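Here come two complexes built around chain A, the first alongside chain B, the second alongside chain C.
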Partner chain A sequence: MKKCIVSLLTIIFVSFLAQNIFALTPEEILNKVDDNEVFDTIKYSGVMTIKKGSRRRPRVKTFQAVARGKDKAYIEFTNPGDRGTKYLKLGDELWIKGTYAERADKISGHKLRDSMMGSDYSYEDTMDNEKLVDRYKATIAGAEKVSGHDCYELDLEAKVKEITYARLKIWVDKEQFVAMKIQYFALSGMLLKEMTVDKVKKINERYFPIKVRMVNKQRKDSYTLFEMKSIVLDEPVSESMFSKQQLEK
Partner chain B sequence: MRNIIILAFKNLARHKKRTIITSVAISFGIMLLIWIHGMLKWADNESQRNLKRYEFGNFTISTKAYKEDRDSFPVDMVINGSEIQKIFRIAEKTGSYASPRTGFKSMMSYKRGFGLPYIVFAIDPEKDAQVFNIKEKIMDGQYLDKNSEGILISAHCRKELGAGLGDYLVMETRTKYDTFQALTIKVVGIYDCPDPVVNRNHLFITRNMAEKNLQLEGTAAEIAFRTKNGNNEPALSLVKESLSSAGLTGLTTETWQELGSDYLTLSQTKKGGSTMIIFFIFIIVAVGIINTMLMAVFERIREIGMLRALGVRDRDIVSSFIVEAAGIGILGSLIGLILGIGVSAYSVYHGLDFTSSFKDMDYGYRTGTIFYNEWNPEMMAMAVIFGILCSVLVSIIPARKAVKMEITDSIRYI
Partner chain C sequence: MKVKCIFIILFCFFITYDLHPEIFWDGNFYEQALLSFKGNKNIRMTYMGLSILDLKLDTRPSELVRVKSELEYALAHQKDNPLLVSENLESLALNTLNASITPEDFKFTIGRFLPAWGKAKIFRPLDLFIPQTYFLNMLSFRGIDGISAKYYVSDLSSVELLAIPSMDVRHIMPSIDLSSNSSFSNAIDHTVVAANIEIHITPFDNNLILLHDASSGNNLFGFTFKGDAIIGLWSELFYSLGKNSEKNFRASVGADWSFAKYYFLAIEYFYDESGTSDHTKYSRLMASVPRMTFGRQYLMFDFNILNYTELNFGITYLGNLLDASFVLFPYFRYEMLANCFLGLSLYHFNGRAGREFSPDLLGNYILNTYLLVRF
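Up next is the complex of A and B:
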């Protein structure tokens, strides 16, 4: 009987040790997420379905997007109504050329905060490509299933002053290391938006979310469905894509 | 000449109905001229007063960078705490009131409904009340006190959001460091000010509350000044001198005229519009007089022929018609003056309510939708002179026509 108890305790102790020694730290989890989601370059065709309020029909916007790192991005809308509207982000600058405009206009850096085409994404949200681990300090809050995936639940507190969201809560798939759900909080702690991933695709040995839904938690019936098609990751992109000439073409 | 005047006035008396009808047309034109000009004068002056009372004070101090990007209401190009204290001392020295303000763009929503954009100003309630008149325009609830955690909204905002006194709004904005901030704030007061730009766009919270929640770190985007004499000078020159002697070279001043230049440009354009009104009134007067005088000429061609046959000079006949027209002009202008004074008096004391016509329309003036009039004796005198001169000028052509015909043809004219 004594032997039995000793062996049982040993098993419990060993499994406890194994769990703690081989378990991932929050930073490691975030690094894995960043490895999946942060890219050098990206090219894709996007579809944005914007729903605002219960009375309005969803609006659909289609576009072609190219981005390099966190500083350069180019978006050209292709849906009727917005066809020809182009955006170019160069660092903190945002240039816009309207459908019938002959020249591009530089928009103040503050405009990067505004909603993009009436969606629940700001310009900086759509062009954000910075590593989470550089901006947030993470702690593991638990584990939960999201859309059938076993996830780590992480609490992220901003570790830099200049940051869009002071706090995030993210659910990371334990196998694919994709952030399946992210909650965005204001400085006051109020929940602002919730992003959930509907579809993940394996591209070049990494798992990349290609269909996400952003719900505005401060508005009734308000969400934006963001879908990426024909994605090409980390292929060389011509520098001329990020020029004013391209924008004014 | 005496005979000509008597002849002219007898002719006027001979055709009483026609004289009265033409005079009424002139008096209507003169009345409109006096009334509309008085109203536009009031709207223009009231707009300028409101720019000072509700938007800018006499002048503001801000950083040069903020001045360049003012329309975006940046909260990171600001005056720091020690500079603010120096500016308060300068204000004291110049005998002016100064109020630090930080405006920031916010999305306001009520019960998770649509978010509507407003500019929320973080103010020091006590100091702000010395520079701006918002406190006097509270229609419901109360003005902010220094430690208030609530928000002061406008009557327009109440209508747009459907929220009332005591309701909680959600304010979404960004902090100085660009971080999203969202706060649930209780409506503690509702104001209704006559400046539509303020009424439609501006909400107010305390600087203390903004400090706590928006990482402002003791800064202010601008400091508005109100001078004791109501004029920019001499305070403005003193402030400029003091800023440079205090080494605050990164700061700059802007007068309410510079800040409200969009309105003032529009106002100049509107003045062109009022010239058009005067032109139309001239047309009304001219058509009335020409018509009456032509009728008189054609009616009296045989009489004119007879007078000329009896030896009356052409010049005297032309003069009699001109005096007749002047008589109509005097009568019409005086009636118009009396009517104009009457309508203006009503508008001066009671105003005319255009709320249902204007509703949420941007009519360009920084006034409420009840339009008042301002007394304008100069314009009244001008209108009377204008009415008489118009009548005289437009009567010359038909009068000359009267003496162009051969005497024999005139006598036989049917």
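Up next is the complex of A and C:
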């Protein structure tokens, strides 16, 4: 009997030790998320389905997007009504060329946080490709199931001053290390938006969210479904894509 | 006849759309109704209406070549409509038809196109090829016939050379006779050559513009910038001089800021040396020159509420600072269905008799209603 108790205690102790030795730190979890979701280059066809309030028919916007790192992005809308609307982001600067405009107009920096094409995404949200670990300090808050996936629950506090969302709450899939759900908070603590991942695809040995729903928590029944198709990751992209010449073509 | 032929060709392209996968058709239908209310006791109501059908063609035969065209059919619902860029009730205009080729670092354009050089929000003295409409919304404009060569020095900087063999600005201001250049506005209706040098110095886009009217000898120097310094900032400086014309300086400077997540503010000041500070001389300016403003100093103020829905509303003030007249208009725009917008604005004109925005001219109030369908 004594032997049994000693063996049991040994097993419990070893497993506890193993859990602590092999447990991931919050930074390691964020690094794995960044490894999955932060890219060198990306090319894709996008579909944004925008649902607002009691309106029965959502708006559908289609576009082609190219991005490199965290600083360069180019988007061209292709749906009727918006065809020819183009965006170019270089660092913190943004230019837009409207459907009927002949000029590429520089958008003021403070407008980067405004809604893009009436969606629940801001210009910043859609073109964001910066590592979470560089911007936030994380702590593990617990574990929870999200959409059937076992997830780490992390609290992220901004460690840089110039940031749109002061705090994030993030649920990371324990197997695929994809952020399955993110809540975005203002400095005041108010919940602004909630993002959930509907679909993940394995591309080049990494798990990449390809269908994402962003819910505006400040508005009733408002969400935007962001879907990426024909994704090409980390392949060479011509530098000329990120130029005014491309906007004015 | 020419326009009819072009229209038939465009129509053939349109009906054979499926055969040309690299041809894109877009356009819009625009219906505008203006109701003017004049007088305080005996209110007189005047209706001004306009329908516009715009067809845009965009073909990309190859990666480097692009042909663009825009055909506009406009129908005024009655004569003397200030919105109609023609004396006829209906008009069919080829606003643009141009071909461009974009070999590495270059863009060459030939045909009818629309250089847009202004950076300001309302007062754009350097938008030389686009009619200035300060408070009435217009959708499209007729281009100029010319050749442009643009060289992209870097991703954000470029040099553009422009030649317009016979520049005609009658479509910009159809109500005036441009048989000779105006000493007030330096209007140009001759062969024109110009250069637009764009230099990006983070975080500002800066443009230096030089223009020479070969026939009249008039020269124009312009400088614009737009960018950020905590708030959005922009400016346009215009200076012209010539053999037969007075020196003329115009400047607009503005700033914008969005704050508390939902509010957007923009302010713009405009100085025009060619304008007059004496309102009794407005009629002289009206008769002789192509211009949209008569005074020397103006202020624009716009407050917009961003609510991230299909609704957009705000209020704009536009005032002549020296004659103390102004127009104030709340506006509202609603996307009823996908690509279908309903707009409403109420212009209130205020100022003593003879002043620029006096109700004597257009009425005390104008209710502007429009429907825009994009397809």
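Assume the second predicted complex is superposed on the first by the 247 of 249 C-alpha atoms of A that agree within 3 Å, B and C clash if a C-alpha of one lies under 4 Å from a C-alpha of the other, contacts with A are read in each partner's own complex, and residues count from 1 in each chain.
Just so we're on the same page, a contact is a pair of C-beta atoms (placed from the backbone, for glycine too) under 8 Å apart; a residue touches a chain by one contact, two chains touch by 3 or more.
Keep in mind it's a predicted model, so treat the numbers as computed, not measured.
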Superposition on chain A - do chain B and chain C clash or fit: clash
Partner touching more residues of chain A, whether chain B or chain C: C
Partner chain(s) touched by A:Ala166 [first = chain B, second = chain C, both, neither]: first
Contacts of A:Leu187 with chain B and chain C, given as first, second, both or neither: first
First, second, both or neither for A:Arg83, with chain B first and chain C second: second
Which superposed partner A:Ala158 touches (first chain B, second chain C, both, neither): first
Partner chain(s) touched by A:Arg219 [first = chain B, second = chain C, both, neither]: both
Which of chain B and chain C A:Arg103 touches, first, second, both or neither: second
Chain B versus chain C as contact partner of A:Gly53, first or second or both or neither: both
Set intersection of chain A contacts, chain C complex versus chain B complex: 52-53, 108, 110-111, 113, 219
Sites on chain C touched by chain A in the complex: 24, 26, 58, 66, 100, 102, 104-105, 107, 113-119, 139-140, 150, 152, 154-156, 158, 198, 202-203, 205, 226-228, 231-232, 256-259, 261, 306, 308-310, 335, 337-339, 374-375
Chain A residues within the chain C interface of the complex: 52-53, 55, 57, 59-60, 80-81, 83-84, 90-93, 99-103, 105-106, 108-111, 113-115, 118, 120, 216, 219, 222, 239-240, 242-245, 248-249
Residues of chain B defined as touching chain A within the complex: 69, 72, 74, 109, 112-115, 170, 172, 174-175, 177-184, 213, 215
Residue numbers on chain A that touch chain B, as the complex places them: 52-53, 108, 110-111, 113, 158, 161-166, 184-188, 190, 192, 218-220
